[in-house]
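Just so it is clear, A, B and C label the chains in written order, and each chain counts residues from 1 on its own.
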Amino acid sequence: MAILNVEHIRKSFGPTEVLKDISFSLEKGQVVSIIGSSGSGKTTLLRCINLLERPTSGKVMVNTDVIFDSEDPATQREQDLRKKRLHFGFVFQSFNLFPQYTAKGNVMLARQLLAKEQPDYKTRKKEILAEIEQQAEQLLVQIGLADRMDNYPHQLSGGQQQRVAIARALALQPDILCFDEPTSALDPELTGEVLKVMKELAEQKTTMIIVTHEMAFARDVANHVIFMDNGTICEQGTPDQVFNHPQQERTKQFLSRYTQG
Amino acid sequence: MKKLIALIMAMAMVLSLAACGSNSSAPAASKDEAASSAAAAEGSASAQAPADSDSDLAYIQEKGVLTVGITDFEPMDYKDENGEWIGFDADMAKLFAESLGVSVEFVEIDWDNKILELDGKSIDCVWNGMTLTDEVLSAMECTEAYLNNAQVAVVNADVADQYQDMDSLADLTFAVESGSAGQAQAVENGLNYTEVQNQAAALMEVAAGTSDAAIIDSLMAAAMVGEGTSYENLTYTVGLNSEEYGVGFRKGSDLAEALDDFFDTCKEDGTLEQIANTYKVQAALVK
Amino acid sequence: MQTIMEQMPIVLNSLNAGFLQTLKLFFVTLLGAIPLGLIIAFGSMSRFKPLSLLTKFIVWIIRGTPLMIQMLIIYYFPGLVFNNPIWGGGETGRFLAASVSFIINYACYFSEIYRGGIQGVPKGQEEAGLVLGMTRSQIFFKVTLLQMIKRIVPPMSNEIITLVKDTALARIISLQEVIWAGQAFMKGSQGISGAIWPMFFTAFYYLIFNGILTVLLGRLEKKLDYFR
């Protein structure tokens, strides 16, 4: 049973069609890497899946829930979006940590706000908040930032900030973790620490969609690779199929540029 | 709601100004603005004259207060130690208001805006040792003259004996209040002058040596220069003309006549003389 | 003639009364313009084109014309043209008219600062809030607001200091603020005339008040220094 089903997604910005009929599915515990040159629609696809952008047409399902269907207005209600987005964790290229909160504060904030909606929040407030704090600390230890919990984002390196952003996304225990070029904004010497954390997550069978330019990483970590070109899925398959035996001319061209460089 | 109305009207006005293309730099524009609004108001006031010529007295009585526009001008309108407005004009204004059965409110205004204030009904009269010039007479409904005045030249006391006649004034530089009767005299006599904000500023110019002489009201000169005043080293010499003080109301107002009657009553029962004595202007009273 | 020591209590008394008007106008303007500015800022950023165009047009006019003219119009226009002096002639009316003029004028300036502050917060902050399941209001209050405040404090400080000095413009409609009070002794008032020294005191009042404001605003700025 697929955890995520993406069916016939199209997205246009004005007259430009950025996504042209994209379909794929993802099993629980799998890692999908989406590769392709800039402007091929990778990021837009990711943003359509977690509804930061509204697809022009198509259908997105998580488990058996239809979270978006262009044919069914009942699935498009603005007020339901918030809950639906919680299926996904999202890690941005530019981190987007909240600058006025510490590393721990960033990880805790969303859960603290959600906790207020719990019916027993008033009576168990102390307990709940302690639990949230404990979880945040655990996550930060897990990503190797035990000693930077009380630092503000501007006091952290880019790699550390991105790791905090991953912890922040994990705090809500999403079904699927999405990464939008998580290392592209980092100095080369800092990408390693972020990739290491992601690799560990993959080993723990975290379901992930990773848009990336790190070909070696995609090959080593992903179960499934999607190569996008000009708004379509040009080729997909196991890393071995796509990287070692590409069928399409475009894929070969793209990969040769990367292996040379 | 009021604020909203004011805003909308302000917008409309700004737009019409922009349309006329009469928008110039800030300080100049504000003055032009005052003048042109005053002129516009004059037009509208005369157009409405039949409607409210009968009603000004009634308007005051209905509102219950006579708002008197003044400046700080000893001995006509000035503050005592308690901050209460007193002076020959202030005391008479209090009595006049009492006779109408209304209370009196003194408001210090910018003298340049007196016609604007009057037509805009933010004040009901100008009662502040106002010289009855042609301009004043044409823009306001004025009472008969109640006090005599003259424009005099003020110079440093140590050189005063050199400047005792008109001819000797020709080579001096003068400071005059902008738009005042003093300025009119300077123009008429072909004198070399600088405009300043008010009569006191003109005196300051002389005291500070930035001008040789000033032309101001004799009543003011009597109160402000010479022995025992702030300007002990100044004195006044030549009188350039003689003129008269009156009280100004909105054009067409019936209050001017009412005040004339009131002045007559006070003259007969000696009140006027008595108050004039208090402020040492009895010699200048119009007989 | 009185000595300066004898004149001092009279002068200080007047200056105090004048400065009270200055302070009143200052605080009333802030109290009104800070929230009104936010409304105008939202208006000019509205996706509803006619509203944003109209708001921008009004802001353009208010910022493009001298406050002095606006005050003259707001105070004298109703009485002169509609024969309805809504403000009345007394001190209260003049104060109200001055307040309304100042609030509108400063709200327009503030709105532009707010707009810069709001638009200066990166879009990614809002998106990060959205993907974490926050509501719009949670995002505004918990994420963007403080960042916006941090951005607007320095330019607002400049405007606020300017406002202290701008209150003197209210003299044009004869609001008796502190400079009017000081100048009265140059013109001649309460037996003192041709005196320039009260003006130094007047300047001193401004200096002290601006000094206090500068320290307070500097502290606020420093308080927000813990993040970037």
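Everything below uses one rule, namely that a contact is a pair of C-beta atoms (placed from the backbone, for glycine too) under 8 Å apart; a residue touches a chain by one contact, two chains touch by 3 or more.
Values in this document were obtained by computation on a predicted structure and should not be read as measured data.
Separation of chain B from chain C in touch steps, taking the shortest path, is 1. With centres taken as mean CA coordinates, the chain nearest to the overall protein centre is C. When you average the Cα atoms of each chain and compare centres, the chain farthest from chain B turns out to be A.
In this assembly, the C-alpha centroid of chain B lies 33 Å from the C-alpha centroid of chain C. We define each chain's centre as the mean of its Cα atoms; on that basis chain A and chain C are separated by 47 Å.
Per-chain Cα centroids separate chain A from chain B by 79 Å.
Chain C makes touch with chain B in their complex at residues 1, 10, 58, 61, 65-66, 68-70, 72-91, 93-94, 97, 100, 104, 171-174, 176, 180, 184, 186-195.
Note for the complex: chain B touches chain C at residues 2-3, 5-7, 9-11, 13-15, 17, 23, 26-27, 29-30, 33-34, 37-38, 40-41, 44, 48, 52, 67, 69, 71-74, 78-79, 81, 105, 107-110, 113, 116-117, 119-124, 198-201, 203-204, 207, 224, 228-232.
In the complex of the two chains, the chain C residues touching chain A come out as 122, 124-125, 127-128, 130-135, 138, 142-143, 146-147, 150, 226-228. For chain A in complex with chain C, the touching residues are 50, 52, 82-83, 85-86, 88-90, 92, 94, 96-100, 109-110, 113-114, 152-154, 168-169, 172.
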